[in-house]
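Letters A, B, C and D mark the chains in the order given here, with residues in each chain numbered from 1 onward.
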Amino acid sequence: MSSTWGEKVKISVFGESHGNGIGVVIDGLPAGFKVDNDKLFAQMARRAPGKDKTATPRKESDLPNVLSGMLNNITTGAPLCAIINNTNTKSGDYSNLLACPRPGHSDYTAYEKYNSFNDIRGGGHFSGRLTAPLVFAGSICRQILEEKGIKISAHISQIGNVKDDPFNPVNIDNDLMGRLSQSSFSLIDTSKEEAMREVVENARLNQDSVGGIIECAVTGLPTGLGGPMFGGVEGLISSIIFGIPAIKGIEFGKGFKLAEMLGSESNDPFEYKDGKVVTKTNNCGGILGGITNSMPVIFRACIKPTPSISKEQDTVDLQKKCNTKLSINGRHDPCIVPRAVSVIEACTAIALMNLV
Amino acid sequence: MSSTWGEKVKISVFGESHGNGIGVVIDGLPAGFKVDNDKLFAQMARRAPGKDKTATPRKESDLPNVLSGMLNNITTGAPLCAIINNTNTKSGDYSNLLACPRPGHSDYTAYEKYNSFNDIRGGGHFSGRLTAPLVFAGSICRQILEEKGIKISAHISQIGNVKDDPFNPVNIDNDLMGRLSQSSFSLIDTSKEEAMREVVENARLNQDSVGGIIECAVTGLPTGLGGPMFGGVEGLISSIIFGIPAIKGIEFGKGFKLAEMLGSESNDPFEYKDGKVVTKTNNCGGILGGITNSMPVIFRACIKPTPSISKEQDTVDLQKKCNTKLSINGRHDPCIVPRAVSVIEACTAIALMNLV
Amino acid sequence: MSSTWGEKVKISVFGESHGNGIGVVIDGLPAGFKVDNDKLFAQMARRAPGKDKTATPRKESDLPNVLSGMLNNITTGAPLCAIINNTNTKSGDYSNLLACPRPGHSDYTAYEKYNSFNDIRGGGHFSGRLTAPLVFAGSICRQILEEKGIKISAHISQIGNVKDDPFNPVNIDNDLMGRLSQSSFSLIDTSKEEAMREVVENARLNQDSVGGIIECAVTGLPTGLGGPMFGGVEGLISSIIFGIPAIKGIEFGKGFKLAEMLGSESNDPFEYKDGKVVTKTNNCGGILGGITNSMPVIFRACIKPTPSISKEQDTVDLQKKCNTKLSINGRHDPCIVPRAVSVIEACTAIALMNLV
Amino acid sequence: MSSTWGEKVKISVFGESHGNGIGVVIDGLPAGFKVDNDKLFAQMARRAPGKDKTATPRKESDLPNVLSGMLNNITTGAPLCAIINNTNTKSGDYSNLLACPRPGHSDYTAYEKYNSFNDIRGGGHFSGRLTAPLVFAGSICRQILEEKGIKISAHISQIGNVKDDPFNPVNIDNDLMGRLSQSSFSLIDTSKEEAMREVVENARLNQDSVGGIIECAVTGLPTGLGGPMFGGVEGLISSIIFGIPAIKGIEFGKGFKLAEMLGSESNDPFEYKDGKVVTKTNNCGGILGGITNSMPVIFRACIKPTPSISKEQDTVDLQKKCNTKLSINGRHDPCIVPRAVSVIEACTAIALMNLV
């Protein structure tokens, strides 16, 4: 099932980039929760394109139309459906893609899976535009979690070879989390913005694109959430995060660095602090045996460079059955990492609503 | 749900390290498949402990007893249940762990989740021993996939700072895959074995342990498997791989290296080769838009150092509510990476049975 | 999860009777199927209210707006979302129901479940109006099944004490099925219409309502669909049929009559007919061991009388915490059975899409 | 998926009648619950065969062997697996069934579904023997529910044309429930036992069998469980009850009788009683809008006559492709209804564990 996720709180995402509209049904929200629209729209604005040169200049009027599940901004407990109408689509740009799949895109694999019946315009259902309803759904979940004292915040860990500082894994400042969650270019060390933007701008000027890494942290989770084996928090979070287009990897805590560590280095020693059990380090990313241990849950996800680049590329012509060249026109983000920060946070919130 | 996974082919794993037995129910296998027991036991032997100094000296008689779902070694289509009895358990070793959780282990989080009622002996249901039924289930799935021309093979990519060569992502040799799948220390460049074993032996002599990385490849998959968003192959594979104890990260294709690549570098150009669409590179790990693209599916998973080490560690006493020291006795692998290779392969096979 | 159903083809229904709109997301439809809109709208018209005195005079413009998943009336394989806007709602009628729950309705239980935050207007998400998207989704599934030679058809088996003839369980005429599927008052013996309408009209004139039974048959199913235990066809069909408001029972084949039969009567003897294995009788309703046996699948579902009646009834005042009387105004069907025929057919189609 | 059921508490049933063993894995039980073995075995004894002439004289040693998930009879929170070994099987009796399917049995449909690879001996995985692990699992669930004040009790409502009294739907006596739950021939009006046994004995003497109906009641459920549409209590219960072999129908409250009732008769008026909202009647079976309303949940399920009868029957020879006659030898219950009472109760308990 491609576009449905969750057990306790289930989302069903629909829509195609250049179709009539996109949206999401959220089934399983608690009744009686008053949604703060300002906070909601602020998150959607962080994801929205067209803010600056790192993003596609396409303007979206991403304000969702809530069809059901809310009365006077309070959840009714019934499934909540929100629609975002598609406007400002330029489908003419994509006419030759049916025959000539874009490298790095789903064009070819979707062509094979759907026998060419998929809506290829703008990437169809594979488009990054489908992350807008994810941010909508996730932002509501996030507000519910915040009421329980659970905070989620992410930042751009890396774009190209420019790296931000990591979270302090044993002590993450509430103010920092608040600041990051409102920024449209979320960085712990804001002095890195200029260098990162330069990397992106260089890529853009070279008709190219660039990838990156996002680090996400969750604080305030109760101890004891998750479970052994397939009930683990890592598996839960990864299964939704890989639903975000362009994500190709995820690691928890020290992640791949653990390969070079000794057990005596990677094990996080327990200690009592203010009468509570904590760990002195947090190499496990707040998860032991698949279960939360009271420390911040921390993970990193990598994002591949935007596959749509103007530079000429080699591809095939599926109709003429020969090799050919392709130059992609249209509006594309040279780097989607800054916009993806709120998407990662939103998906994390949806995941955690299924855990709490 | 902690220990159940899958939709088309569903596994339900049960058992505790020092309980009466462990096992698995596999629901959804096709009827009429003749299982090759030699191949099956060979895979279980690769995972079994006690083969050399990298592993715990505990001997398991891991031969499973099939209770149902097979008649004369041929699947009946009914749920297949296999039991492995626990023998040679030394539970006395674990008496003090109830109060003093081992750093890096599930002891503390399980204590919190289960209100101290979990069976902590040998790690209980969190034990790496629970991977034996996974290998059993996966090896049957793998034999079924092999009949369809799908091959799965993994190798030790890294232990400590010693690295094996990677798979050639565009052309993986059948003979190599066959050789790796039979080895108990699977390496592409076998000359690395000595250095890796030295890393492990040094850790062992220092009462310590070490982590690593496993790389896994799948060839022969039809084009068009998987789907957009949450139906993607990456999400499917990751959700079962994170079910293996000690896995803390997964990346597909170039993975985290994509952060520093340009789109023009990371995009895999299409071309016709022998009348078939292929890609010249395989940075995406055989998956575009969540869907297989005919190239090998390749991923890497990192494994943390075995948390059980003899070296004295800081921990807490949950009964006396104070800080304390802990030295873990008992038999433990200084490095579980070599044994985990067949587990990764098995879980990949189970995942793919749900896709094909 | 209240409003999501299915595995292979999953529907997610949303909306509230007097909210902004209702609709459905269908995830998992095959790509490349051309939907026949005339057939689709004909089914929705059968369910629509206001056709005659058996139904509420409220007019719905039930034509759905397809937001996604179709391009030029052909399915793309992506989730299909269809919206029906709510118009002609008279919410003023329901103002006193928040305090005084209507007997036989969900008002009280929803009040308890959702802490009074549910949208009670017109029944909210519990309204029979939510069956419109079910008919939409089911009609598409039905068209796909018809292409495979599978026909679904139902009729009014009983209203009050007036009974239609049953299907001939071993031989159901294609023409009959075609005729029933187009009728807005589906009867095998059309001479019963007058008596049935009289029962309904009498109830209406007495400010009352009446229940009934619908019988549904499916022909053309391949042998061997379904499975033992929880994979059985009976469980699959019942789990979606009970999702239709007002359904309180379901029986397959001879159903409750089997209690008084002997094994020698109820067992359906096998025989070869035209080289094919059939049964001489069909007391099992085409299902043995949960699996289709090549004979028509036949079941009956009972529908309680419309709970909304104008007659004064005893109820409670939840705010004043006392007993009180209630007279329900507003437009209500004195009998929903005729309209429910297409809903039963539609849900059966959705169920079978998950089986074929 | 044939043999797996549940979300919060998931059961996975395995085994074949004449295989090595049968059993169940229960995933999701709370940790720390002390199981009362006497109560558990008492329920298994109620289901066990061989008690009198209504049942097959085959003796089962149905005492289960718990492999995991319990320590000192207390649940650990890990999956609980219980095995019942098969003994006293006489497989010789079934040798000709591969070619000549028994009318009313799964032989033919399983043959088609599994391409003849199913284990047909004793009915294989379709055997009523598979209800033993259901009773095991359900009895544990039931003990957990009882601690929360929830009682489940069923009785033989009808065998042949002999009927027991129904439950008083608005007031079910605790003592009655207790008595029924311990009886091996559960009747409200115990004076009916003789007449029922006579019906069964007559069937047996005629080499025949007979069906029946079981009525089940649940008291003590909190108000507000369940949900609209597919989240309804009726759908939940029916989906597991139809997993019991031989069940062909289910109805809640007045069920099929509602077809002949008026709304003014079927609606259950609300009233305050002892400060609590109750209904004066209980025609809805304690469920409104799919949600519990504080009254007893009541349903009835019908059971077809045992298909295995000694009387000669018409069938086909699938190998010779011709019509033939069949006389079934072996040990079979002339009526399974008395034994099925505890199975219905057990499955209801499993269902409710997923709701509470």
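The criterion applied here is as follows: contacts are C-beta pairs under 8 Å (C-beta built on N, C-alpha and C of every residue); 3 or more make two chains touch, one makes a residue touch a chain.
The model shown is predicted, which means the values in this text are computed figures rather than measured ones.
Chain centres here are C-alpha means, and the one lying farthest from subunit A is D.
Counting C-beta pairs in contact, the pair that comes out ahead of the other among B-C and A-C is A-C.
Centre-to-centre separation of subunit A and subunit B, using mean CA positions: 27 Å.
Averaging Cα coordinates per chain places subunit A and subunit C 39 Å apart. Remark: subunit B and subunit C have CA centroids separated by 46 Å (rounded to whole angstrom). Residue positions of subunit D touching 2 or more other chains, listed in rising order: 1-4, 7, 13, 78, 110, 113, 125, 228. For subunit A in complex with subunit B, the touching residues are 1-5, 13, 101, 103-106, 108-110, 112-113, 125-126, 130, 158-161, 203, 206, 208-213, 223-232, 234-235, 238-240, 242-243, 245, 247-256, 258-272, 275, 277, 279-280, 283-285, 287-293, 300, 302-309, 311, 313-316, 318, 321-323.
Across the complex, subunit C meets subunit A through its residues 1-4, 7-8, 10, 12-16, 19-23, 25, 27-28, 31-32, 65-69, 71, 74-81, 83, 110, 113-115, 117-119, 124-125. Every residue of subunit B that touches subunit C in the complex is listed here, in rising order: 7, 78, 228.
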